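Labels A, B, C and D are assigned to the chains in the order they are written; within every chain, residues are numbered from 1.
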Amino acid sequence: MDEIEIEFDTDDEVKADVLVEGLPGIGQVGKLVVEHLIQELKAERIVEITSIFFPPQVLIEPGGVVRLPNNEIYLWKGKEQSIAFLIGDYQSTSNEGHYLLCESYLDAAEELGVKRVYTLGGYGVGQIIDEPRVLGAVNDDDLVAEITAAGAVMTGGEPGGIVGASGLLLGLAKRHGIEGVCLMGETPGYLVDPKSATEVLTVLSRLLGIRVDPARLAEHAAEMEKILEKYQEIEKGHEEESLNYIG
Amino acid sequence: MDEIEIEFDTDDEVKADVLVEGLPGIGQVGKLVVEHLIQELKAERIVEITSIFFPPQVLIEPGGVVRLPNNEIYLWKGKEQSIAFLIGDYQSTSNEGHYLLCESYLDAAEELGVKRVYTLGGYGVGQIIDEPRVLGAVNDDDLVAEITAAGAVMTGGEPGGIVGASGLLLGLAKRHGIEGVCLMGETPGYLVDPKSATEVLTVLSRLLGIRVDPARLAEHAAEMEKILEKYQEIEKGHEEESLNYIG
Amino acid sequence: MDEIEIEFDTDDEVKADVLVEGLPGIGQVGKLVVEHLIQELKAERIVEITSIFFPPQVLIEPGGVVRLPNNEIYLWKGKEQSIAFLIGDYQSTSNEGHYLLCESYLDAAEELGVKRVYTLGGYGVGQIIDEPRVLGAVNDDDLVAEITAAGAVMTGGEPGGIVGASGLLLGLAKRHGIEGVCLMGETPGYLVDPKSATEVLTVLSRLLGIRVDPARLAEHAAEMEKILEKYQEIEKGHEEESLNYIG
Amino acid sequence: MDEIEIEFDTDDEVKADVLVEGLPGIGQVGKLVVEHLIQELKAERIVEITSIFFPPQVLIEPGGVVRLPNNEIYLWKGKEQSIAFLIGDYQSTSNEGHYLLCESYLDAAEELGVKRVYTLGGYGVGQIIDEPRVLGAVNDDDLVAEITAAGAVMTGGEPGGIVGASGLLLGLAKRHGIEGVCLMGETPGYLVDPKSATEVLTVLSRLLGIRVDPARLAEHAAEMEKILEKYQEIEKGHEEESLNYIG
């Protein structure tokens, strides 16, 4: 097994204009938006990524069949454009793995012919907000006008950072000659947040020039919250399994 | 020294139909069952695995002779089938090591001609249970009927995960074309649990088509509990040995 | 992406007589001095270093454009000498990375023709001091007289250590045939300390034979303190982004 | 820089019959004995080992000259035998590094022609003992009689482990065809313990067939205690230097 394995589901050539990342993160905002888009657009899975940098465990699917934790790329072919979506169970468990995984994703994006990467996430503010803003960041000055026109508020007036794949993909994309845009919905941080996700979806839809009904986002959020609780419960029961002891 | 060293005790070709894993874990359920099977069936050791991913120490055997911590494969040749058993002192100390060790075990399993892997473990429920169930998970839908017929309850009705070798071996086995079945006995989690082990042994025996007297499982559990206590005591005395300080 | 990437901004041959390191550290003393020197001398950036050993995130610049965390080398060409400056956002996140990064810096220094490395830092004393001393350490006995003549107090009367790049660069430089001098300003440790930086700058200026007005050091310190506070605030909001969870 | 660098001080062929290890550990017992032997026998340094697995810092020697943390091998040539001594500032900072360093030491030992390794350490009992015993462990059954005849008490009546280089060297030596003996003096654990060291020295001297006056062990212990305190003090002042922050 290589440190990171990227496997295409098909031998056919697949192409995409943009890649939209929604890996797990604060308030699950990015994941919620991308899962919603995959379902509403009926995107098809084209790539599976597994890695020794993901947690050393399997996930049990309904029906009792297990699978390795993974990240996946889905593809939606529209009339005028094709959109790839990056989604997954986990991000890297190590600092170095974050860099190596993101670099792999960009290699795959380049292979798909991607010209721009959108990374989605939540921006934790620690309290419930009535009208969450969508904060934007880019990896090239030329993108600012487009992003703000679509409704994002640029975060660069003050110093700050973006941790994990949503940030690293932008920073590393530049070297691949790929444009990078990060959209972060303000969110309390401790809840799966469909309201914040709706705002991010609105801005993203404008940028992508697509129309997606946000109605079922709240439903998806409720399901996700329930699944998260279950996992936490079960993982708590299993936690000693990962300890190293002798007998 | 390689990161992982797998050494066969014999140059003769050895073959096995299935591999049964019982590395340390919750309630020592898997380890208890596999140690019991090795003793009752008088299986012979055929492989020793050592690794830089195991804890950096040696174990003192009765008599004062030390040995590196290891994992081992034992082989039992029956009339109609051969069964390999994977057992050991520890699992990996790092996340990445878990993946690399399990992948090595499956390379060895493939070399042995193994067609199916059984992984055994405990399922921590946090309290004493009168009639522990045996929960099952598989790496292929086709295996569900056989497992439930043998008495296992499929866990897949609800989301969940299996941490460590018992999980990873299943997930990774699929890529090697090897069937994978995990059997987890419900157990409090904080005790070596012969009752849970007896239930797992019962289901496993049906699946393997072998008969093994569970009578001495309780004895083995008591011994194991005693050894574990000793280790904890002694390791506590030694714990500063692993600190890095200057003098 | 390699573990460490060192990229020169220009293809022209660039040369430097000495390298002055001011990476983040106690009281930001070293960083403060080197940033001040870069600004006052109008040094130009010649090298960018990125690495998987830096934190897995990007930094948002004013204007909303992100960049990878990095270390940089700046060059000032004087009439009689050229001075290179090493500065950056972070040091390594892992022990091993510290060694590998410092070794890379020295490879770059050798390529530049550097004959001596100055490393600057703070020496935490846990309380405010009226007249902070500048403590010195060297990687060769022959350097002691020069350093003390310039006003540094040798620390070697008592045992001690220098942690991170300021120390390692000295220890490793010897193998590259490069002289190494460390100057540490006494500082409380919990504040950005322009007073300590002024003392270090004074000693360093004598050693380099340059004149730099320290007047704006206090200004720089105040700005840096403000930026640090912002980062801490924002990073706190983002901290869960780096956690690995499922959804 | 390689992960581990082993450099011989001389190009002449050097040979040794045994290697005695005394790296830092519980009660500094092993280090105390080996430093004492090096001084009393006037052994000469023949090998320096540096590694990215040691802490990322330098140590300041009296006089203000820094050096990388290292491990060293000293050689004493007697009339009838040559003894090599392994001593050092630190052990590995990572689990994997422990294995890789010990394997390197054994490669060097093999090159020296070493037939037996003695590893020395303390055995923490958590309280002051009037007559500390010397506990022994070996990597081959044949060595038991010799060790016990010399006054060591075999520890193998009960299960246990030996953490760090003192243990790993024994376990790994077997693969190099090198005999291994570990001698551990009972010690409270929280003090530099010359009494325990004296007992270990007595048993070791019998085994090596040498005579060494233990009189100055108490002196050495007092010095070591003082140096340790200084380091702890100074390292405390420096501890934030190793943190990764931005400015």
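Observations on the model:
Keep this in mind: a contact is a pair of C-beta atoms (placed from the backbone, for glycine too) under 8 Å apart; a residue touches a chain by one contact, two chains touch by 3 or more.
Model, not experiment: these values are computed from the prediction.
Traced through touching neighbours, the fewest hops from subunit A to subunit D number 2. Matching CA atoms, the turn from subunit A to subunit B amounts to 90°, rounded to the nearest 5.
Set against the C-alpha centre of subunit A, every other chain centre is closer than that of D. Rounded to whole angstrom, the centroid-to-centroid distance between subunit A and subunit C, based on C-alpha atoms, equals 36 Å.
Look at where the CA atoms of subunit B average out and do the same for subunit C: the two points lie 50 Å apart.
Looking at subunit B, residues 55, 59, 93, 161, 227, 231, 246 sit in touch with two or more other chains. If touching chains are joined by edges, the resulting network of the protein chains shown is one closed cycle, each chain touching exactly two neighbours.
Shown are all chain pairs that touch, namely A-B, A-C, B-D, C-D.
Residues 24-26, 28, 31, 55, 59, 69, 89-93, 95-96, 98-100, 102-103, 121-126, 136-141, 144, 147, 154-164, 166-168, 170-172, 180, 182, 189, 192, 224, 227-228, 231 of subunit B touch subunit A in their complex.
Of all residues in subunit C, only 1, 3, 52-53, 55-68, 93-94, 227, 230-231, 234-235, 237-242, 244-247 touch subunit A in the complex they form.
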